[in-house]
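A, B, C, D and E label the chains in the order they appear, each numbered from 1.
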Amino acid sequence: MDSKKLTKDKFGGFVELLSKQKLYVPQMVGETLRFAPVSSKDEVDLVFSNTVVPPKSVLFPQTETLYEYEAGGTELIMPEEPEEKVLLGVRPCDARALTIVDKLFSWDIDDPYYVNKRENTTIIGLACQEPGINCFCTSLGGGPASTEGIDLLLTDLGEGYLLQPLTEKGEKLCQDAGELLVEAAGEDRQAAESLHQEAAEKIVRKIEVDTIPQKLEELWESPLWKNISDACLGCGACTFLCPTCHCFDIQDEMEGFEGRRCRVWDSCMFEEYTLHTSGHNPRPTRRERTRNRVNHKYSYFVKNFGTIACVGCGRCIDNCPVNIDILDILSQVVKEAI
Amino acid sequence: MVDLEKLKNVAKETVSREDVKYLVGWRQGTYGFRVSPHFMTKPEDADKLIFSPLCVNNLATYLTLAEKLPVPRGEEPDTRKVALMVKGCDSRAVVQQLIEKGIERDSVYVIGCPCQGVLDLEKVEEKFPGVQSPVDVQWGDDKFIINLPDGTQEVPREELLAQKCLNCRYPNPVISDVMLWEEVEAWGNGEYADVKELEAMDSQERWTFWQEKFASCIRCYACRNACPMCYCEDCVLDRLNPQWVFRSNNISENTVFHLARAFHLAGRCIECGECERVCPMGLPLMSLNRKLAKEVREKYAFEPGLDPESKPFQSSYRPDDQEDFIL
Amino acid sequence: MSEQYEPNIVAFLCNWCSYAGADLAGTSRTQYPVNLNIIRVMCSGRVNPLFIINALQQGADGVLVSGCHPGDCHYMEGNFYARRRFGLMKELLEYIGVDSRRFNMSWVSASEGGKWKDVVEEVVGKAKEAGPFEQFRRNKINW
Amino acid sequence: MNNKPKIGVYVCHCGINIAKAVDVEAVAEFASRLPNVKVARNYAYMCSDPGQLLIREDIKNEGLNRVVVASCSPRMHEMTFRKTLAEAGLNPYYLEMANIREHCSWVHEDREKATEKAKRLVFSAVAKARLLEPLYENEVDVEPATLIIGGGIAGIQAALDIADAGFKVYLVEKTPSVGGRMSQLDKTFPTLDCSACILTPKMVDVASHPNIDLMTYSEVEEISGYVGNFDVKVRKKARYVDVDKCTGCGICAQECRLAGRIPSEFDAGIGKRGAIYLPFPQAVPAKYTIDPERCLMLTRGKCGKGPKCEAACAAGAINFEQKDEIVEVKVGTVIVATGFDVFDAAKKPEYGYSDYENVITALEMERLVSASGPTGGNIVLGKGEDAFVPKEVAFISCVGSRDKSVGNEYCSRVCCMYTAKLAHLVKEKLPEANVRVYYMDVRAFGKGFEEFYDRVRREGVRYVRGNPSEIFKRGDKLVIKAEDTLRSTPIEDEVDLVVLAVGLEPRKDTRQIIDLLRLSQSADRFYLEAHPKLAPVNTATDGVFLAGCAQGPKDIPDTVAQAKGAASSALVLLSSGKVKIGAQISFVNESTCRGCGYCVEICPYSAVELVSVNRMGNMVQVARVNEALCKGCGACSAGCLSGSIQQRSFMDRQILPQIAVLGGVR
Amino acid sequence: MKDILNPYKPEIATVEDTWFETQGDRAIKTFKVVFDNEEKRESWEHRPGQCAMIGVLGVGESMISISSSPTEGKFLRFSVMRAGKVTQALHELEPGDKMTVRGPYGNSFPVDDWKGKKILTIGGGIGQAPLRPIVEYVKANRGDYEDLTTIYGSRTSGDLCFKSEFEAMRERGDVNVHLSIDIEEEGWPHYVGFVPSLLMEVNPSPENTIAVTCGPPVMINFVLQNLKKLNFADEQIYTTLENRMKCGFGKCGRCNVGNLYVCKDGPVFSYATLKEVPEAFA
C-alpha cells in the first residue's frame, strides 16, 4: 500500500479510530514519560523525545499474573485472553527492540503471555526528528526512521503526518481510517525522506560493532571489567529501562485466601539474581554482573539469535546514576589490545 | 579555593602510600554535565581527577559497596585503607557509617574538599539541552562559570544550585585526614521550606501527591544502592521469609517499600540527596527523608553524621522524648 | 462510607501492662467495641515500626500500639524505644497523607481496665471517622 | 521440625463465661477448616483435668504437633497448657493461646459479633502456631555464694540466714564497721529494747561465722555476669592499719593530734573523734581506721615530728604505705541492703536547722539520749558554763516526708513512732519537761504501735496537730509558729529544744548501684522491686534481691523480715544449684548481621555484645546474645534494621501472619 | 488463555510417599509423586538427567532433578534438600498432599549413545540425585551396557542418600558400588576420604568408559582433574550444572553460563563443551 497523509486537523479523528482498541500513548506518569492507556483523545501529544520507560512495559509488563489459585486449592485460574492494543508513538529504536524481544520469547517454546499480546498489538511508529544526545541507533543497523517491528510509521511533516503502512496490520488501519487520510504526494514522501536524513545526521555518537562479539570473548579475563564496574551501584536502572532486557522472576503472592503466581521484571545487575540458596553465587561481584550484561547483549545474544540485543536508544546511558556509558565500554572493548 | 594541582598532588601521594588500597574521587563524565566516580590505584591516574560544581556523587557509598570476597585459605584479607574524596555532606555519611560501625576509622583515609555547592543536573541539562561533549564548570563569585563548546556562560548560583545545597549548613567536611583547601562559610539556615510546603496541604492532597509518585516507581533500587546509609548485606525488604514487600510492582508494594526505607533512614539520613538524584523516575525521595530529618532535629534535637562518638538515634532514647501523641 | 462500616484495628499490646490492663477490663466485664484485635508481644519495644505499615497494608483500618507508662516498663526502657519509633512513624505516615486518626499509641497499665476501654472506644471511633483504609492496602485490584 | 504442622484447636466454654457470649461450636467448626488444623474441639473447661487429657490424647492419637487453646488470657493458663503439652511429649512452646474470654466474651455482649471476633483471634493463633518452633529452657549452674551489699541490720540478718544454710556470703560494708543505722539508735519502738543490746550479738556472729567473709571499709567496684554467675570486684579501701596486728587497744586514737576534733559520723556529728578512730566502742571488727581525708600524715605528708599513732602502737599496726586492694569474688546471687540516708534538714530552711544550735535532727537526739553517746545519755544542751537542761522540748514530725516541695511525696513510716519513742525517753529522763509533738497525722499501724502512742500521750506528751510554718529565735528561746488545725488557732510556742523528725531518703549513691546491677528506681527514687505485691524482694535483674530500706522506708522488724525474705529467695537459687534461663529469648542470624551494634545499645540487660567472626576469611563484627542475660523483651529485634536479631516465639515471620489475619478480615 | 500450550502452567500431582534420606538442618527428603491427571500420567516422558519445576502453591517453585528413571514406573521421584523458602514448604508435604509439577526440562544424559560402554558415575552428597536415573536406567537395560560402577560419598554416613538401595545393589552384585565418607566413623566398613581420592583408589580404566559426575562444585573440579589424570578424554566425561532458575525453558535469563542456558541447553554437559564456556566453573 502506498503512503498516506493525515493532516493534523484529522488527527483527533484518527485517535478516536485507534481508541476502538486499547490505545497506549506516551504520557506523564508521576515525573516521567511512559506508555499508558488513553482515556481521552486530548491526552495524546506526540511531541516528545522518547519515553523513559520503553514500550516493552505494555507487552511485557513489570508485573504479570501467570495464574491465580485459592489457598489450599488445586485449581489454577488462567488469565483472560489479552485485548487488542495499539501503541501509538513508538520510536523506531523501541520497535526494533521488540523484534529482538520477540526472538527470545518465541525461541524454542513460545511464551504465551508475551506472544499472544504481541500478536494482538499494532505498533504505530513515530520517526525521530530530534534524536537525544546519547542515541546511537545508526551504529546498530537502525535509524531514526527504521521500520523494523513497526506496523505503521508516522513522520511529522509539520502540518500533518506521513503514514507508511509496513505490514498488514498497518494497511488495515489505513483502510479503516478511510476518509481521514489522503494519498501522500511525492513531495510529502520526499519531505519525510529528508527529515529522516537530517535526523540521522544529528546522531553524533557512533561505534563500529562488527568486531565486538569476537573481542568480548577474548576480553573475558580483562581488567577492563573491574575498572568499569568499580563505580557501578548494582541498581536495575539500565536493565529495567532497556527496551531489549527481558529477564524476570517468578513469585507466589498471597492476599488473604487468594494467591497468584506472577512474573516480575528482574535484573542481572542484582546480586540475588544468580544467588543459589546454598549461598554460592556464580556471579559474586559487580564485575561479573557487568561483564555478563555486556556479553549477553553483544555476544551471547548474537550467538543464539544472530543479532545484537541493543538498539542504541541511549536509555542506559541517560539513566545511569554514575555515568557508566555503554558506548564508552564498547569503545574500550574495541580499542583494548588482547 | 579549589586547587586542582593540590588535589592531584595529594591524590598521588595518597595512592602511593603503602596502607592505601585505592582512592575514589571524581572525573569528567563521558558526555555533557556528567561526572563519574574515579577509582585510582596509581599516581598517574590522578590526571583525570576533578573537583567542580559537577561533582555531585557521594562517594562514601563505595566504602560499603565493595564486595567482601572469600579470602583464599592461607591468605590474609586486604585491610588497607580506602582513600575517599568528600564534600561536606559526603563526610557526614562517613561519620554516620563510623557511628554505626559500618566502617572502621582506620579503614578509610578521608580527603576533605570544602564545597561551595554543586549543580542541579536536571536544571542545568534543561537550561543547556543537547550538550553532548563533556562540559567543564567552575565556581565563580555567586555564580557558576560554564564552559560550553560554543562559549562560556555565567549563571547565577541560586539558579542552578542543587536542591540539597540551597540550604546547606555543612559545606565543609566534618571529618578528614587531610583538608585540601580552606573552609568555606556555611550559607544555609537549615530551614525545611520544601517539607513545610507539603505539610501545609491537607491529608488527601498529600496522598494525591505521593500516590502518583509511588505508582511510577519501577523498583530498580537505585535509591537504595546509591544511599551511603543503605548497606545491609541482605536488605530486609528483599527477603522472602518474612516477606515485608512483594516483588510485584504496584502502589501498595511500592509505597511500603519507600516508607520502610525512609523509616530505616530516620535519624541516619545525612541529606546528601543521592537517592533522589539517581532515581530514573524522578521520585522526590528526599522529601520523605527530609521530613524525618526535620522531625528528628526539631523534636528530638538530634542530627546524624556529625560526631563519630555519638549514639545512633534509633538505638537511643531520652526519657523526655515527645509524647504529645499518646492517648 | 456506608453507615455499617466497621473498622478493623490491629493492636500490639505489651504483655505486662497493656495486655494485663485489657485482661482486667475483661475481668471487670467492661463492655467495649469489637473492632479491635490484639496481638500480644512481651514489650511495646518489640513492636517493629514496620508492623504498623504492614498492618495497614494487610487490611487494617487502624493500628494501636500500647505499652506501660514511662518508667513502668517491665524491661525498664522498652516503651521509651517504642515511643520514639512510633512518634517518627506517625510523622512519616501523616506526611504521605495517611489519616492520622488511623494510628494511635497509648500507655495503659495493668490496673487501668477502665482506661483500656476508653482507649479502645477512642481508637475505634477515630478509625470510623477516617473510613476504610484503601491508600496502600494490598489489594487484588492491583493484580 | 520439618514436619508438616498438624494443629489441634481447643475452644473452651469456661462454663458459660465464654459460651454465653461466643458460639464456641461455631468457632471450633470454623477452626477445623483452617489450614493445617487437624482437629478442632470445644469443651466445658479446657484447664480441667479431663480438658487437658483431651489435648494429651489428641497429641498422641492424632499426631498433633501444634496446639492452640482458645480460652482465657495466656497470663492465666499458658503455663498450665505448656505443661499439658510437655506431659504429652510435645515441646511446650508449640502452644499458642487465643484469649477469647478476657478480650472477647467478657467484653462483648453481641453474640454474633463476639463469635466473629473469637474466630479471628483463633485464626490469628493458628496462623502463628504453624510457624512455632520448639524452644528449650537452658539451665546454668549457680555459684554457691552470695554477695550482700550493706552491713546494716538487713545485710547482717540476710548474711546470717544464708551462711547458716551453709552457703558462702561476702558481706561488703562501706564504713569501717557493720551495724548500720540500727547501731546508732538508743531504744527501739514500741518495745523499748536497747538497740545495741539486740544488735551487737548479731554483729559479732557475722564477723565470726565461718561462711561469712566480712569486708568492711570496702566498696563494690564492678559486677558483671548474670544470675548464678556474677563476677564481683570489691575494693578494700586502705585502712592504713594492719588489721591482723591491730589489737583494738585504742591508744593510737588517744594519741592522735586531731583527737576529739573531727565530727563523729556515728554520733551524727554531735560527738567528736580523731583521724584514727573506731566508729563506736562496739564496732565490728574492733579495728582502728585512719581517715585519709583528715589524717595530717596522709593529707599533708607530715604530722608534727612524726605520726604519734605510729609511735604509740605497740603492735606496729600503723602502715601509711597501705594501698587499696581489689578482691575478685564469684557469686550466684546478690542482695542489695544499702539502707537509707536521713533527710537533710537544711533543705527546710524555715526550721532553722542550719541557724540554731538547738534545732537538731532525731538522729542527733538518738545520740543525745543514748548512754553510749557523747553526753552519756544526759539531755544537756550547750557547752561548759552555758550548759543547761531543756525544759520545753518540741518534736516536729514529717520533716522531709510527705512533702512535695522537697520531692519526697512518700511517708517515711518510722518517724511517728520514733518521735513517740524519743518523746517518751525525754519524759523518762526529764519528767519535768514539757514535751510537745507537732504533727500532720499520727500513723501507728504496726504491732503495738497504737498502744505505745497512747502510752506516750498518757505520760504527758502533748500532740499538737499542725505543721509549724517557722522557727525563729527570741532571746534564748526558740519560737515555733504554727497553726493548731484542730482548734484553728495560731500558736506561738517558746521552747528550748526542737527535734526534727527527719524522714528517710534513698542513699546518695543509689545511682552507682543501679548502674552496677542494672536496677531501676521507683518514683520515690528507692530501688524498684520486681512486683510491689508478689515479688517485693526481687528486682528486674534475676538473682538480685532487695532487703531493708534500700527498697523503701521500713522499721526494724519489717527490715528483718524482708532480709529473711531476700535470703530465702537467694537460697532457693543457691540450694537448687541450677537456674533456668527463659526460652523466648533473642538470637542473631550472624550471616545477615552487619554489626552496627544497635541491639547492643538498645538491650537494657547488656545481653547483646559484638564479637568478631570470620566470614569467609574476612573478620567481621556481628552481634551475639548472652542467653543467660536476655530477658526476652524483643526491643533489640524491633530496632534491627536488617532483621537479623529476632526474639524466639515473637519473630517477625511469626507475627506477620497474625497481622495478615487480623488485618485481612473485613 | 490457550492454556494447553502454556509452559508456565503446572500439573497438579499428589505426593504418594515420602521419606527422609538424611536428617539435620539441610535434610534431604525424597518424594514419590503421581500426576492427578490420568492422561498426563500416561503421556509424561522424561529421560535420565532431566529436571522438573516443582512447587507449592502460595510459596513458589524450585527446579529439581528427577531422580527416578522412566523405567521405574509411572511416577516421579524427587530428592530435595531443605534450603530456601520453597524447599522448606516442600519438606512439609506428606503423602496425600499436592504439589505443582511442570517439565521435564533440559537435555538428558545420552544414555542410548552409551550402549555397549562401561558406565562410571561419581557422585557426592545430593549430587547423586541426577545420577540415580542413570544407574536405574542401566540396571533396567542391563544387557545393553558393560560394567556399571558407582562411586558415591558424603561428609558422614548420615549424609548419604539412597543408602538402602546401594546396599541392595552391592548384595546383588550387578553394580560395582564404592562408598566413602569424609570423616572417620566407628563401624564404617568402607572408604574414608574424599570422593576424588576414592576415584583414584578405584582407578577405573578409561577404555570404552563414560564417566559422569555430579556433586558440590569443589568436588566436581577435583574429579575432573583426576579423570584427566586417569586419561579420560574430554568427550568421555559428563557432568551436570545447576543454577538458579525460574522459568525452565530459556526465557527468564538467570541460568545462563555464557550463551548456554542450563535449563535448556543443560543441565547435562560434556566436559568437551563446558571447557569452552567461560562461566561454567564459576
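The criterion applied here is as follows: a residue touches a chain if its C-beta (ideal position, glycine included) is under 8 Å from a C-beta of that chain, and two chains touch if they have at least 3 such contacts.
For clarity, every value in this text was computed on a predicted model and none was experimentally measured.
Relative to the C-alpha centre of chain E, the farthest chain centre belongs to D. Contact tally for A-E versus D-E: the pair with more C-beta pairs in contact is A-E. With centres set at the average Cα position, the gap from chain A to chain C is 47 Å.
In this assembly, the C-alpha centroid of chain B lies 36 Å from the C-alpha centroid of chain C. If you average the Cα atoms of chain C and of chain E, the two centres end up 52 Å apart. Among all residues of chain C, those that touch two or more other chains are 49, 54, 57, 59, 71, 77, 81, 85, 138-139, 143. Those residues of chain E in touch with two or more other chains are numbered 60, 84.
Counting partner chains per residue, chain A has residues 71, 249, 251, 255-256, 262 touching two or more of them. Against chain B, in their complex, chain A makes its touches with residues 29-32, 34, 52-53, 62-63, 133-134, 204-205, 227, 230-231, 233-237, 240-241, 249, 251, 253, 262, 264-265, 267, 270, 272, 284-286, 317, 319, 321-325, 327-328.
Looking at the complex, you find that chain B touches chain C at residues 195, 198-199, 203-211, 214, 236, 244, 246, 248, 250-253, 255-256, 259-260, 262-263, 266-267, 288, 291-292, 295-296, 299-300, 314, 317-319, 321-323, 325-327. Chain C contributes residues 8, 10, 15, 19-20, 22-23, 25-27, 29-32, 34, 37-43, 45-49, 51, 54-60, 71, 74-78, 81-82, 85, 117 to its touches with chain D in the complex.
The touching residues of chain D, counted against chain B in their complex, run 591-592, 594-602, 610, 615-621, 639, 641-643, 651-653, 656.
Those residues of chain A that touch chain E in the shared complex are 66-67, 69, 71, 73-74, 76, 78-81, 104-105, 107-113, 116, 217, 220, 246-252, 254, 259, 261, 263, 266, 268, 273-278, 280, 282-283, 288, 292, 295-296, 299-301, 303-304.
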